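Below you'll find a set of structures to go through.
Paired with chain B in one complex and with chain C in the other, chain A is shared by the two complexes that follow.
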Partner chain A sequence: MTSAFKSIRSGLPLLLAIAVLMGLFRIWVPQFLGAENLLDLAQQISVNAILAYGMTLVILIGGIDLSVGAVVALVGTVTVAGLAHHGVALGICAGFAMATLFGIINGVCAAGTRMPPFIITLATMLVARGVALRFNDGRPLAVPDAERFFLGLGNARLFGFLPVPVLLMLAAFTVTAVLLHRTRWGQHLYAIGGNREAARFTGIPLARNEVLVYVLCALLAGLAGMIHASQLYSAEPAAGQGFELNAIAAVVVGGTSFTGGIGSVRGTLIGAIVIGVLDKGLNQAGVHFSLQYIVKGLVILAAVYLDVRRRKQ
Partner chain B sequence: MNPGSQAPTPLLELRGLGKRFGAVTALAEVNFELQAGEIHALLGENGAGKSTLIKILGGLHRPDAGVIRVAGQVVAIPDVAAADRLGIRLLHQELSLAPNLSVAENIFLGREPARFGFLDRGRLQIQAQALVTELGLPEIGPVAARVADLSVAQQQLVEIARALSARARILILDEPTASLSAAETSALFVKLRGLCRQGVGIIYISHRLEEIQQLAHRVTVLRDGRSIGTQISAELDQAALIHWMVGRDLAAHYPRPPWHPGAVALQVRNLRNAQVHDVSFDLHAGEILGFAGLVGAGRTELARALFGLDPLHAGEIRVGGLSVHFRCPGDALAAGIAFVPEDRKGAGLVMTASVAFNLALPWVREWIRGCVPNLRRRSQIVSRAVQNFGIKISDPEQAIGSLSGGNQQKVVVGKWMEHPPRILILDEPTRGVDVGAREEMFAILHRLVAQGMAIVLISSDLPEVMNLSHRLALYRSGRIVREVAAQDITPEAVMAELTRN
Partner chain C sequence: MKNIPLKLRWLLIGSVGCLLTGCGDQPASVAPPAGAGRQFGVSFQTMNNPFFVDLNEGLKKSIEAHGDRLTTLDAQFNSLKQKNDISDLIQQQPAAIFINPVNWEGIKGSLLEAKRKNIPVIIVDAPVSDPDLVLCQVASDNVEAGRLACEALAQIKPNARIVILHLSVNKACIDRVDGFKAELARHPGMKVLDVQEGKGTTEAARPVMRDLLGRFPDLDAAFPINDPSALGCISAIESAGKLGQVTVVTVDGSREGAAAIVSGKLHSTSAQYPGEIGRVAAEKAYDHLAGKPVAKDVKIPVKLVTKANASEFLK
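Right after this comes the complex of A and B.
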């Protein structure tokens, strides 16, 4: 599909940027390109990438979802509380049910009212955070050591080599990319994001599609929340602060237009890698964290500026 | 006045102007002159180079070749500010006012009177009022009113007042009457003639040939980026103008297709909602039913109700004899009704995407099954539409925004034709489309009607709707006031009916 082909071409400068960054960090940190370090990098990227896939779909249709960070914390708490009492299967189901609920609330409010998604999801972000803090009086819930499956989500390595979160990141990538680039639904999302009225006149049901996008975004946030809780060995009601902003950064660095209608999941994955490489590289190079923020901010600004300029031509 | 004779130094003179965009030559060689106090019409089909030319004058593009002289001096116009300094003011087709601000604030936008760095509202009002009076534009109304509350015609006058308050000597108007009624248009013309007498030079662009003959002193025709020539407009009749512009004769200007009505395709009975007041009509297969009316008569609202976009309060719609109830456009499309909206960019096309995306969008069901896109089927759908409708493209994946208005319009119509609908509603299908593309659109309608399609044609262009339709529904304030066979009524009678109170 055309949009996909275009995204490969438009991804090239970013891939180059990643290569340059990695080369630079290799100079400061000799072990930076070692296999173990790269796997570790991939593992650190996974949570943000999974959040960013969902965010891509939301931004593509002209929306925004600020609630994903809080949903990460809430789903982690619900899942861990659930599995402690009712077993891992029910715990995970309860976590995804909670995510779906928030997705539906966001989607129905965005599609059915004229409230701006920014405000809707700002409000649901607060609600989700509050609900998470109601559990266990806001204290972390430790994951029992016996929960090998759940702890495996964030920490295990397949064949003693491939981190499970990375596999989940790739699986989520495949699912989202197929949905967006190879199905009718994906075409409809591009149409809705590009021009809502034209989509309406073409007979595309707007509300249903919009709700589905927010639900998918929340489900991916739920998956990220479970991985995050597993990695921490506990559900932290205060976890996930600012995750939504990191996800948005990955999406826009990956070339998705904030006004909707243009973008790809592939680009977002590359964007998440750029941000991950920066985070890890600066960290390992011993750059003070205050400087890390500044560098990251400037890189995002530069990436989006170049993208906008390229598009204008 | 007689601007053609040995006039003094022209206010504006262009010699050998050229402009290329990559491999595309937008302007090959344009020669043009404008005298003070002259209205000079610029005529040409879409793609002839008119918009490139006026963008160069407005400081939005830079020419690659040629000379621009203003009052005899060779000038460069690198940006909009430079155009402002030279007194050149470009009034775009789409108005560029801030709707939330007042008339006075808009007129002095960017040049507000200030005292100690703070906005001086009192002086702003007084100066604006004085200016409006001086220019003789009382129709604008009170300068404290919000621009959003004004009619389009009044907003147009605000734009003109703003241009003149910045001491514009050269005014460029691009299709200023596109959304004006006949009365508003003639009021605007009176103002423009007044400005001429004050020595302002006006470059006037319009697709409406009648207007050009009424208004312009001289006409310059552009064809394929070249100025073909300049003539006194009083010496040309309309047929000669068209011939000159397209370089060929349009034998019959608006020929009516043969009328072979078939079975009743659409029956509408006592339709009512907030904007539609008890509308009933029949539409047959192989027939064009024209809805003639003034802008704002409520024809678009009727079409929206028929297409399931707005709810009905009462009434019945039958398609092919079956009673239908549409909750959304998807239902209407499933019943065989397609709607080509008036606002091409706002509602017809996905402007962020390619030509192919737009043409293939309605038929996603056919070329994607599950998660397996059939790209061969997709390009088949696309190339069929491109061929059947003569859409001029270099690559199906090119951005839809890079096409001319006429070609974009062909995409909006052509995207429905992979499986032609039984009933097609066209809302102002030739708006902002040049004469050549208009003729092609008529040929397309002829073909569709011959194939048995039933067409509802909404058009504010009276000659067009009268000559193209088999039957006319004269529409006023949400009602059909008269239904008549198109050959049985004169334009004067239609106009009289539409303007009656």
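Right after this comes the complex of A and C.
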């Protein structure tokens, strides 16, 4: 009970920040809070939010995964190449298999060696990017118009209202949040991130948990990759550059400690919303794109600073 | 439970609720009256290229002359950001939008969205794969630009050993290379050694060209597909000490390119007129809004720039 309230309270400043931002943008952009615009906002943040859930788990255990952006491109490419030749079911399976492979490589290297995750995933990022660029000479692969189901992942609306990517974002949120906050496995992740040595002595299986976290992160990146390819009606081997940084921004704005052990998936979702509101609001208010970068950078800095200061109290 | 700041919670719930309902007293979105202060939007694949800055100026000048305004957005070569940028624009019911696509397949979702909302789309500079979804496409004659580059090279080096630095996701660049190769077929002495991705930027083209210079000792000409990548090539050639030996021809006609021609490092560039592309694109949008028919495919002529006329492009 108390922990539930604590987490509500820890999310409060960010919720307030969202309310203030939305109020401000409402002044400049009359239709900013219209239902259609807000649904559009939810759809726009879906790829980043799904990536950020996985990134939250990885950062919680004191790791980092720089390969997610490249995995987005690779899984999109593998899936679209697969569905063109062997049908949609096999294409999606091949995509997730590819994601799992990279998750296992990241996880096994991080758990089984003393190499820092930053370097491991920097390397696998390059490998994944290279493999993606092997397809179709690095050019985009169009999704055939006949693939109604796959195109629906990114573009369809349930009951003509709720965009499917938003549904997938909420489903991924539920799965990750339940795993992290309602299972013993989730508790173990906090323990590992809080104090690795202590967790080891308590008998928590470090290696297995760590590999699972990286696999889950890669699978979520795979899901994001499929949505991305579907939304763009094509898989782009060069896509997804810098997506890892956007995901990390959502995670830290959402209050997850960069050194591990503290954080929540709910915070991350809120962080992704803050960034999405900023992007959309600044675009629609007609703010020059050069100023947008500056404002976004300053807001991230301020959000993280306030969070760090609050924790100290 | 007692230490929960209950007031704060109510304040939050209240303020969110108030915001979601729009506070009641402000009028809901009002469509701007035609002719006065209409909004237009443009999304560029990158603004890190003087070409697009000039194109944007051309658009902006025409649109502001009509008393309207233009919102310019930079996709940073990120198709997803471009899709999001465009849906932000579409939500505001602009009079028309101009798009310079990152990925000529990937833009389809945005085009369908605009079509659903009945917002005319004009494609500038780089074509898309679904011309039926757009009002019209305004671009340089890129095939001719590539052909002119090859012709200029053939005149001084009929037996050139050539490398091409491509940007193969971009249809405009694909057209340039097609034009180049079509003219090449008429010169049996010339040969393409390799085609590599130079990504259309100075910083990406430089290391690629360095590697090519190391790989092919007999290489004596290069066709980078735009001025920024040509500058990267020249920098690589310069640091390899082969400045006099390797001839570079390109497409663009930017001030930087003209300056490189004047200093003798670049042989030719087929000049495009980005400001003119912007002006014509805006004109087509206004023609359409006035109910006049608009041609589907508008080509803006290009012109070969060599040492003879480079000075007029320095302005």
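Please note the rule applied: the second predicted complex is superposed on the first by the 308 of 313 C-alpha atoms of A that agree within 3 Å, B and C clash if a C-alpha of one lies under 4 Å from a C-alpha of the other, contacts with A are read in each partner's own complex, and residues count from 1 in each chain.
Just so we're on the same page, a residue touches a chain if its C-beta (ideal position, glycine included) is under 8 Å from a C-beta of that chain, and two chains touch if they have at least 3 such contacts.
Note that the structure is a prediction, hence the values are computed from the model and not measured.
K.L.:
If chain A is used to align the two complexes, do chain B and chain C fit next to each other or clash?
P.N.:
With chain A aligned, chain B clears chain C, so fit.
K.L.:
Rounding to a multiple of 10°, what is the angle at chain A's Cα centre between the Cα centres of chain B and chain C in the superposition?
P.N.:
It works out to roughly 130 degrees.
K.L.:
Would you check which partner chain A:Leu232 touches, where first means chain B only, second means chain C only, and both and neither mean what they say?
P.N.:
In the superposition, A:Leu232 contacts chain C only.
K.L.:
For A:Gly261, is the partner it touches chain B (first), chain C (second), both, or none of the two (neither)?
P.N.:
first
K.L.:
Thinking of the overlay built on chain A, is A:Asn283 touched by chain B (first), by chain C (second), by both, or by neither?
P.N.:
second
K.L.:
State whether A:Ala198 touches chain B only (first), chain C only (second), both chains, or neither.
P.N.:
A:Ala198 contacts chain B only, not chain C.
K.L.:
After lining up the shared chain so the two structures overlap, which partner does A:Arg184 touch, if you call chain B first and chain C second: first, second, both or neither?
P.N.:
Touch partner of A:Arg184: chain B, not chain C.
K.L.:
Counting touched residues of chain A, say whether chain B or chain C comes out ahead.
P.N.:
C
K.L.:
Looking at chain B versus chain C in the superposed three-chain picture, what is their shortest Cα distance in Å?
P.N.:
Nearest C-alpha atoms of the two chains are 12 Å apart.
K.L.:
Please identify the positions on chain A that touch both chain B and chain C, taking each partner from its own complex.
P.N.:
1-2
K.L.:
Can you tell me which positions in chain B touch chain A when the two form their complex?
P.N.:
307, 309, 328-330, 332-334, 339, 341, 343, 346-354, 356-357, 360-362, 364-365, 368, 370-373, 375, 397, 415
K.L.:
For a test of understanding, state which residues of chain A touch chain C in their complex under the given definition.
P.N.:
Residue list for chain A touching chain C: 1-2, 5, 9, 12, 15-16, 19, 22-23, 26, 29-31, 33-34, 36-37, 40, 43-44, 47, 137-142, 154-155, 228, 231-234, 236, 238-239, 241-242, 279-280, 283-284, 286, 288-289.
K.L.:
Can you check the complex and tell me which residues of chain C touch chain A?
P.N.:
Residues 1, 4-5, 8-9, 12, 15-16, 19-20, 22, 26-30, 47, 69, 71-74, 77-80, 83-85, 87-89, 91-92, 103-109, 112, 129, 168-169, 197.
K.L.:
Spell out the residues on chain A that touch chain B in their complex, using ranges where they run on.
P.N.:
Those residues of chain A that touch chain B are 1-3, 178-179, 182-184, 187-188, 190-191, 193-195, 197-205, 257, 260-262.
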